[in-house]
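Next up: the structures, one after another.
Look at the two complexes coming up: chain A is in both, with chain B in one and chain C in the other.
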Partner chain A sequence: MSFSIKKDGEVVVVDVEGQLIVGNRQELKQKVLDELERGERKFLIDFSQTGYIDSSGLGVLVSLSKKIREQGGELRLANLNDDLKTLFELTKLDTLFQIADTRERALQSF
Partner chain B sequence: MTELASVLAAFYNATQCEAGVWMRLGALDAAPTLEAGTANAPTPSRYPVPAEGAQIVASSDGDVLIAAVPGPRHAWVALGPCLRTDVQLQDFMNFLLPVVTQYLQSALEVEHAANELAERYEEINLLYTISEILGRTVSLDEAAKTILKEVSETVGARRASVLVHDRATNTLQAVAALGVDLASVQPISVDDPCSVSARVFRTQHPMLAEGNEHYCPEESSYRRGAMLSIPIMWTAPPPHGAEPLGVVNLSDRRSGHMFSAGDQKLIAAIATQIGTAIQNTRLVRASVDQQRLAHEMQLAHDLQMKLLPNNTIVAPDAIVAARVVPAESVGGDFYNLFRLGGAKTGVMIGDVSGHGYQAALIMALTMSAAAIHSQTNLDPGDMLHSLFTTLRDELTTTEMFISAFYAVIDPVAQELRYSNTGHPHAFLLSEEHGLERLAASDPPLGMDESRPLTTHRPWRPGKDLLVLFTDGVSDARNRDGERLGEERILNVLREHRHSTPDEILGRAFEVLESHTEGAPRRDDLTIVLVRT
Partner chain C sequence: MPAIADEERPGDEVRVVEVDIPSDVRLIERVVELVRRECQELDYAQRQIMLNVPVALTEALSNAILRGNHDDPAKHVHVRAEVDHVRLVVEVADEGEGFDLDASLIDPTTPGNVDREDGRGLFLMRKLMDRVERIEAAHGSVVRMTLRRE
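Then we have the complex of A and B:
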């Protein structure tokens, strides 16, 4: 379980490897907030290597989305697998996020 | 000196000459005393210095030949008078003086060795005492105080202190002090440029500050003159290595002598013991905290289970079968049932995000607030919005949210009205339409401010079944990590649709248990089935 952060143009791209759960959510949150504090405003979280997100993980995504918006920034999600897509649809979380099928499309949408 | 007395007695038998060994103990002008001698050895009137060699001096019984014994001791051999007159006392002196010199030298070495042994004995005894203290107690303050007392007695220090690093404030704080009031020792910042204790803690090396060297006013309470300061180290297993935990200071030595390399070595050994004690105390405290936390979790879990409703409270208007199987820790699943009058029944299921004590508290709050709001809001969307308004502050500060489904079943009007905020698994099982998902119209409470929608469906009393379960059920894993999946549960419902809610619930849990085969649960499992 780890997060790698890199810059693609103006966008901070975060890869979530493994799971996003109660045990590692604070790490993701802190990493993204650190970037936000440094002045970054465009964020993309890529879930292509993510198997599972628990409810605490979802909570952190919502909280990050709010905090980024408050600073005039944007958060996009990309590459949710079928299970995660269903989860977002069933819980109506898809209404709270801009979700793209691929990283490229997400990057173009900024 | 009985051996010396025997030698002199043998000398008398051989020569009929009196002989005495005189020694001056203490002050330089003190009169020497007879250390060993023959029966009538007279007291000489003068004691020559070594450079004078053997001298004839007067005594109470006439002249005697006296010579100083070479070596560190102030000692003399005095010969005479003799019964015979034809003796050469100088010859006897030439023979006896080296014998006495050799004897006194050996005696001195034995004495040194004995002193050395006594010191080592004291040190070993001290280490034993400390081990015993540490074995007996888990209170660091008490152990530190006793150890300090023993150490100070052994090295003769009148002032001593044990300072321990406080991680929260990054200061050194006194946990034990000798010769000074503990309360008067102020915490010292680890970064303090002047303090010897802070420097020793930072460098992890012992330091002997002589006289007023490195004098620091903040340390005046536990320092008088020279101070020996030793770091308290604790060596963790690799890869962590040694970590400084605090400092031991000794000062104001009774003898006025400097602290020696031996003292430093001894105190370093004891500092290691204190380090172990500090670490043990911390571990014990952490373990006690852990136990307390586990106990609190158990209480929270019991509370959670007690808050769940008795399913018969809505009878005979509704027949409910429901079961919550909590995860190992306290989870956030809950359901609630309300009698709303006019045969109407309120049914709620929810999942507070996260686990643990905080989730349990939010859940308890939700349960009680829902009981109030359900009575005043007959519209499910209104009820969930009122619930959110009550919980908004709690949810915001804790960054938690609640996925919730709330339905009001009216068998008289034959209508099911519901509102779904992010709850994934809610279904209506009916004759006409089979299984129909009652999908969420809004995200979970706490994620969004908008008022949730209310939707309605026809409801056939005695036939239709409201099916609610949480994601712990569809996400339940077997030992290979495979999910049960929603469809497997839905198939059980379809197959047993004509059975009673209790029977259907039993079947559903059979499928669940045969899938998981006792694999550890990572989430709560909740199923609620309602028929009217």
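Then we have the complex of A and C:
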């Protein structure tokens, strides 16, 4: 499990590879907060290579969403597979996040 | 290294995974994979293999390590899973005093709670498993989860 970060124009794109769970959520949180600290304001987290997410992973996404918003930034999520969509629907987090079907659509939505 | 025993009984098609790990959240994924692999071998539904089992078991292990054992690496978590063509029954035992499952009924989906950062663990266990119960143990706390195969 790992996270890769790259820039696409003004957007910081984070790929979550593997699981986003209690054992690695802090790593994702710190990487995004570091970028926020550097002045970045547009973030896209792409889940096309993600296995599963647990409650603490969801909690980190909620936390990052708040912190980015507090700094006047925006967060988008993209490429949730059917199981991840179910997870977001069960927890009603699909109502909290802006979720795009593809990375391209997410990038266009900023 | 944690002691890991993987016992298979092909005669009655019950597969048993029994694992004992120190309290270290980095070991959760390995345990989940052992249980998930047995469900896959017995043709459980893809959704159960990719969502229900890994997420619910991760929550149970996380609770046991962080709440039950207070992240103390000297304390262990014991997992026993029995998988057959009908159901998965998995028990997660820690060395703590446990917690009241029924007292932890926060609904994280209400408008006032949906933007909380915590409070989804037990909710997800209940949503993703058919049954979640705390069972009596001489020492520590044991949570048993049951999922019927689809």
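What we mean here is this: the second predicted complex is superposed on the first by the 110 of 110 C-alpha atoms of A that agree within 3 Å, B and C clash if a C-alpha of one lies under 4 Å from a C-alpha of the other, contacts with A are read in each partner's own complex, and residues count from 1 in each chain.
Here is the rule we use: a residue touches a chain if its C-beta (ideal position, glycine included) is under 8 Å from a C-beta of that chain, and two chains touch if they have at least 3 such contacts.
Every value quoted in this text rests on a predicted model; they were computed, and no experiment measured them.
Peer 1: Contact-wise, after the overlay, does A:7 reach chain B, chain C, both or neither (first, second, both, neither)?
Peer 2: neither
Peer 1: Touch check for A:19: first (chain B), second (chain C), both, or neither?
Peer 2: In the superposition, A:19 touches chain C alone.
Peer 1: Chain B or chain C: which reaches more residues on chain A?
Peer 2: Per-residue touch count on chain A favours C.
Peer 1: Which of the two partners, first being chain B and second being chain C, lies in contact with A:105: first, second, both, or neither?
Peer 2: A:105: touches no partner chain.
Peer 1: Would you check which partner chain A:62 touches, where first means chain B only, second means chain C only, and both and neither mean what they say?
Peer 2: both
Peer 1: For A:91 in the superposed arrangement: first (chain B), second (chain C), both or neither?
Peer 2: Touch status of A:91: both partners.
Peer 1: Does any part of chain A touch chain B in one structure and chain C in the other, and if so which residues?
Peer 2: Common interface on chain A, chain B vs chain C: 22, 54-56, 58-60, 62-63, 87, 90-93, 95-96.
Peer 1: Would you tell me which residues of chain C are touching chain A in their complex?
Peer 2: Residues of chain C touching chain A: 25-26, 28-29, 47, 50-51, 54-55, 58-59, 62, 66, 108-109, 114-121, 123-124, 127-128.
Peer 1: Quick check on the complex: what are the chain A residues that touch chain B?
Peer 2: Residues in contact with chain B: 22, 54-56, 58-60, 62-63, 87, 90-93, 95-96.
Peer 1: Where on chain B is chain A touching in the complex?
Peer 2: On the chain B side, the touching residues are 332, 351, 353-355, 399-401, 403, 421-425, 439-444, 447-448, 471, 523.
Peer 1: In their complex, what parts of chain A are in touch with chain C?
Peer 2: Residues in contact with chain C: 1, 19, 21-23, 51-56, 58-60, 62-63, 66, 82-83, 86-87, 90-93, 95-96.
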